[in-house]
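Please go over the structures that come below.
In the two assemblies presented below, subunit A is common to both, partnered first by subunit B and then by subunit C.
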Partner chain A sequence: MSSQLFIQTVANAIAASGMLALIAVGLTLAFGVMQMANLAHGHFFMAGAYTVYALYALAGWPFWWAVAAAVAVGALLGLIVERGVFRPLQGDVVSGFIATAGLMFVFEVLVGEIWGWGLSRPIPSPYMRAFRFMGAAVAFQRVLVIPFAVVSIGGLMVFMRRFRLGRALRAVAQDPEAAALQGININRMTALALAIAGAYAGLAGGLMSTIYAVTPSLGGHIILPALIVVVVGGMGSIEGVTLAALIFGFVMTFVTTLVDGVTAVMVSVTVMALVLAIRPQGLMGRVVA
Partner chain B sequence: MSLHSGKRLKGWALVPLAGGILGLCVLPFFVRAYLIEVVMMYFIYIILAQSYRLIVTVHDWQLYHVVLYGVGAYTSGMLAKSAGVPVFFAIPLGGLMAALVGVAITTPLLRTKGWGFYIATYGLAELIRLSWLKFRNPFGGSTGIIDIPWPPVVAGIDFSEGVPYYFFSLGVMLLVLYFLYRIEKSHLGDSFKAISMDPDLAASTGIHIPRHRLMACAIGGFFAGIAGGLLVHRLGAVDPKLFNLVTMLYLLIWVVVGGTKTFWGPIIGVSVMHTLFELSRPLIQVRPLFFGLSMTLVLIFMPGGIEGVLLKVVARWQKRNRLPTAET
Partner chain C sequence: MLLEVKDITVHYFKVPAVRNISMSVQEGDIVTLIGSNGAGKTTTLRAISGLKHPSKGEIRFGGKRIDRLAPHRINALGLAMVPEGRRVFPQMTVLENLLMGAFLRKDKNEIQKDLENVVFKHFPRLKERTKQMAGTLSGGEQQMLAMGRALMSAPKLLLLDEPSLGLSPIMCGEIAAIIRDIHREGETVILVEQNARLALALAQHAYVIETGNIVLSGPARKLRENDDVKKAYLGG
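Presenting the complex of A and B:
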């Protein structure tokens, strides 16, 4: 591996980590607050990517407006899933999990029918420039996601610790009944958690839409790495997910560059199995969930 | 609701059962060859769904069952093709391999719980499926394996023909259903149900939970492997795409829509949903939308599935006739 390729791969790995963290943090938040796992979460990411495709590539909106719309679309989908699926099934973890498996089919067909099946949708890159660093060129567009991931996840950590609303979310995660006794409206908290989850996935999808092949099956491809990150990080732990996203961002990017994408997934699940065999609660999870 | 529900089917239930089996026996002599192939797939899917339900009775809603089905298919196909093992021996060996793989996937992750367990085991199973894709040398890569031997001629009957294979798979299905029914009604089956109802209480009565979960996983995996063997020696080919998450979602749809409370739920699920699947062939693009939505809506509005509705109807009918309530 030449030093140029190495630097480029490191940059790609950090970008992949940022994207994985943005997706997985929402999954873990939803799990922490309502013990619900959302298999259709990868489709929120896909919805973000398609929003940018429709508004930026087709309708000619400025790129950043389209990304903002992707965030809104993700949040809206999160609210719909919370209200339509998770709330009626509250307390029934298995049913919630399987019900969102059904939603995977629903979202995929809707997107395919609206914007077409088959080939990926080309989205022109709004930024053609590249960073030059020690002889390596790192495309601006590729690493765009990094500052957003740092700011939004850092912001979420501060929000959960310092703000009343964030503390209320944590209270619901720890003990919903005790939280309700404190006058916290649980339904409003679960809606908030899912809206944040959807918004973050939509943001990741919007920012990465110019890099990824945008097809209706995108959601199904992205969900396995995201779920691996969540279980390895420790379910419900934002810090753990961030750490795991860094690990798997590097593992997946380096193995993909050196060998191929299939091997990258194979190595990732092996790492996951090793971690969970030793620490069933994940790296930073407090309880076996 | 009593946990112990008699060892035998009651007399009145045997009549429709015998009628159904008789109907399946005369069916191939009255329909086109294509329909025989279609009905054969029901047999395979019923074995698959019913073996999955056994694992569901210990509450392990794992997402890797179709990979075990694939392990059975690949093992049986490769043994028959490359090692020259007779097909009728290769199929049970495929089942055995699937059971072993199921145990190998589950054992290291037994300490994870809930959806941590579902995701982690699914990840490991994906490792197996991707290795079929990755290693062209024994597994054939994305195109899979072709020219898998048909079953031989036994006692003058050529099992590579449609009708004999139809009866062979019907026989295997009935045998598998018989075994699974006996397990369901045995002490072991009761222990499984106890674990899904209240694991702590079950453990306190001396049920070794990890061992029972592994046992359910091995038995279910074995029969899933048998289903894979039946499939591969009829198709004559196998590839990794047959066993991906989409197939797993359809398996979930059969089981959830049919219901898992009684033994008959998955059979109802396969019968209804696979029929709708076959009928909706012209709508191939939008078909997953309907099936995905049906599963989500059933979970929200009809949690027991079709079977749950039937049980309610029967219970009401019996109440009106002042008979003892239905056993579940």
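Presenting the complex of A and C:
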């Protein structure tokens, strides 16, 4: 591996980590508050990418307006899924699993029917510039996601510790009944968690849309690594998931660059199995009594 | 009457856990509900706090019907419950737990004042441990924290479910003394206990519950002298 390729791959790995973290943090937050996994979470990411495609590439909006709209679309989808799927199911884990699996197909078909199947949607790059670093060129748009991931996830961590609503989210995740007894409206908290989850996934999808193959199956492709990251990080742990996203962002990017994508998935799953063999609760998960 | 429970029946699936229970609580009293394991004490408290809706009957708190309200709405009306098994938030600090108790209060100065003048006065031990994770506290300290958390909502009525459960005799005595102090300062309390001796010593009024029915009620002083109560709950 040449030093230029190495630097480019490191930059790509950090960007992939940031993207994975933005997706997985929301997934784990929603899981913590509801104790249910949202399989359609990857489709919030896809919705973000298609929002940028529709508004920026097709309708000609400024790129950043389209990204802001992608965030809003993600949050709105989160709210709809909370109200329409998770709230009526009331903690029924199996039904939630099946319902969100079904939702994946609904979103996918909907997007496919509106914008077409098959080839990926071409989205012109808003930034043609590149960073030059030790002889390597790193395209600006490839690493765009990094500052957003750092600020969003750092902000979320502060929110969860320092703010009344953030603490209430943690309380609901730790003991919903006891939280309700403190005057916390559980439904409102799950709605908040899903809105944040959707917004973060929408942001990631919007930012990555210019370098990813935007197809209706994008959501299904992204959910597997996101679930791996959540499981390894420890279900419900934002810090653990961020760490795991960093690990898998590097593992997947380097293996993909050196070997290929299929091998990268195999290696990732193996790493997951190894971590879980040593720490079944994940890197920073708590043991649930 | 601050609280009135009229003829409620609570089902778990098809099985009634309590049947046609009525009880009332006068402002300023400690009212206790005693009975053996599985008699329906906790179910009654869960119905009052909104965690389980009764299938029949009504519950009024300060004159307002609450038997169809969600628990957070009932808390907002001034009713706080310390659930069985303390149920503190294990991965939050002592201070964070206490602040969760004041979730619906907006005035930061008042919250700070109650933290010092109510919680830390009754439970000085919590003040030394504000930064400790609640899950690492001893059982007695967790009980104190759960009670402090409930008091942080400045409730008109405090529900205590088995506060002495699993505690050492010394800690039991300590908790009992604190309940008495809190009551002396004007708090109205419903106390559910398996430790009938402790409960009858603290309460003004008592209800005895057996297999989902109230079989006896009256002033705690009188129930202490009742032969059946003595035989069944006070060890002869």
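For this structure, a couple of remarks:
The definition used in the following text is that the second predicted complex is superposed on the first by the 287 of 289 C-alpha atoms of A that agree within 3 Å, B and C clash if a C-alpha of one lies under 4 Å from a C-alpha of the other, contacts with A are read in each partner's own complex, and residues count from 1 in each chain.
Here is the rule we go by: contacts are C-beta pairs under 8 Å (C-beta built on N, C-alpha and C of every residue); 3 or more make two chains touch, one makes a residue touch a chain.
Not measured: the values here are computed from a predicted model.
Annotation for the three-chain superposition on subunit A: subunit B and subunit C fit side by side. A simple residue count on subunit A separates subunit B from subunit C, and the partner touching more is B.
Touch criterion met: A:L181 reaches subunit C, while subunit B stays clear of it. When the shared chain is aligned, subunit B comes close enough to touch A:T270, but subunit C does not. By the document's definition of touching, neither partner reaches A:L58: not subunit B, not subunit C. Once the two complexes are laid over each other on the shared chain, residue contacts for A:V262 go to subunit B alone; subunit C is not touched. Contact with subunit C, but none with subunit B, is seen for A:A171 once the two complexes are overlaid on the shared chain. In the superposition on chain A, contact of A:V151 is made with neither subunit B nor subunit C. Applying the stated contact rule after C-alpha superposition, one finds that A:A37 touches subunit B and leaves subunit C untouched.
Taking every C-alpha atom of subunit B against every C-alpha atom of subunit C, the smallest gap after superposition is 12 Å. Within the complex formed with subunit A, the subunit B residues making contact are 59, 61, 108-109, 111-116, 118-120, 122-124, 126-127, 130-131, 133-134, 245, 249, 252-253, 256, 285-286, 288-289, 291-296, 299-300, 303. On subunit A, the positions that touch subunit B within their shared complex are 31, 35, 37, 84-85, 88-89, 92-95, 97-106, 108-110, 112-113, 117, 220, 224, 227-228, 230-231, 235, 262-263, 265-266, 268-270, 272-273, 276-277, 280, 282, 288-289.
Contact residues of subunit C toward subunit A in the complex are 49-51, 70-72, 75-76, 80-81, 83, 87-92, 96, 99-101, 103-104, 149-150, 153. Subunit A meets subunit C in the complex at residues 164, 167-168, 170-171, 174-175, 177-186, 286.
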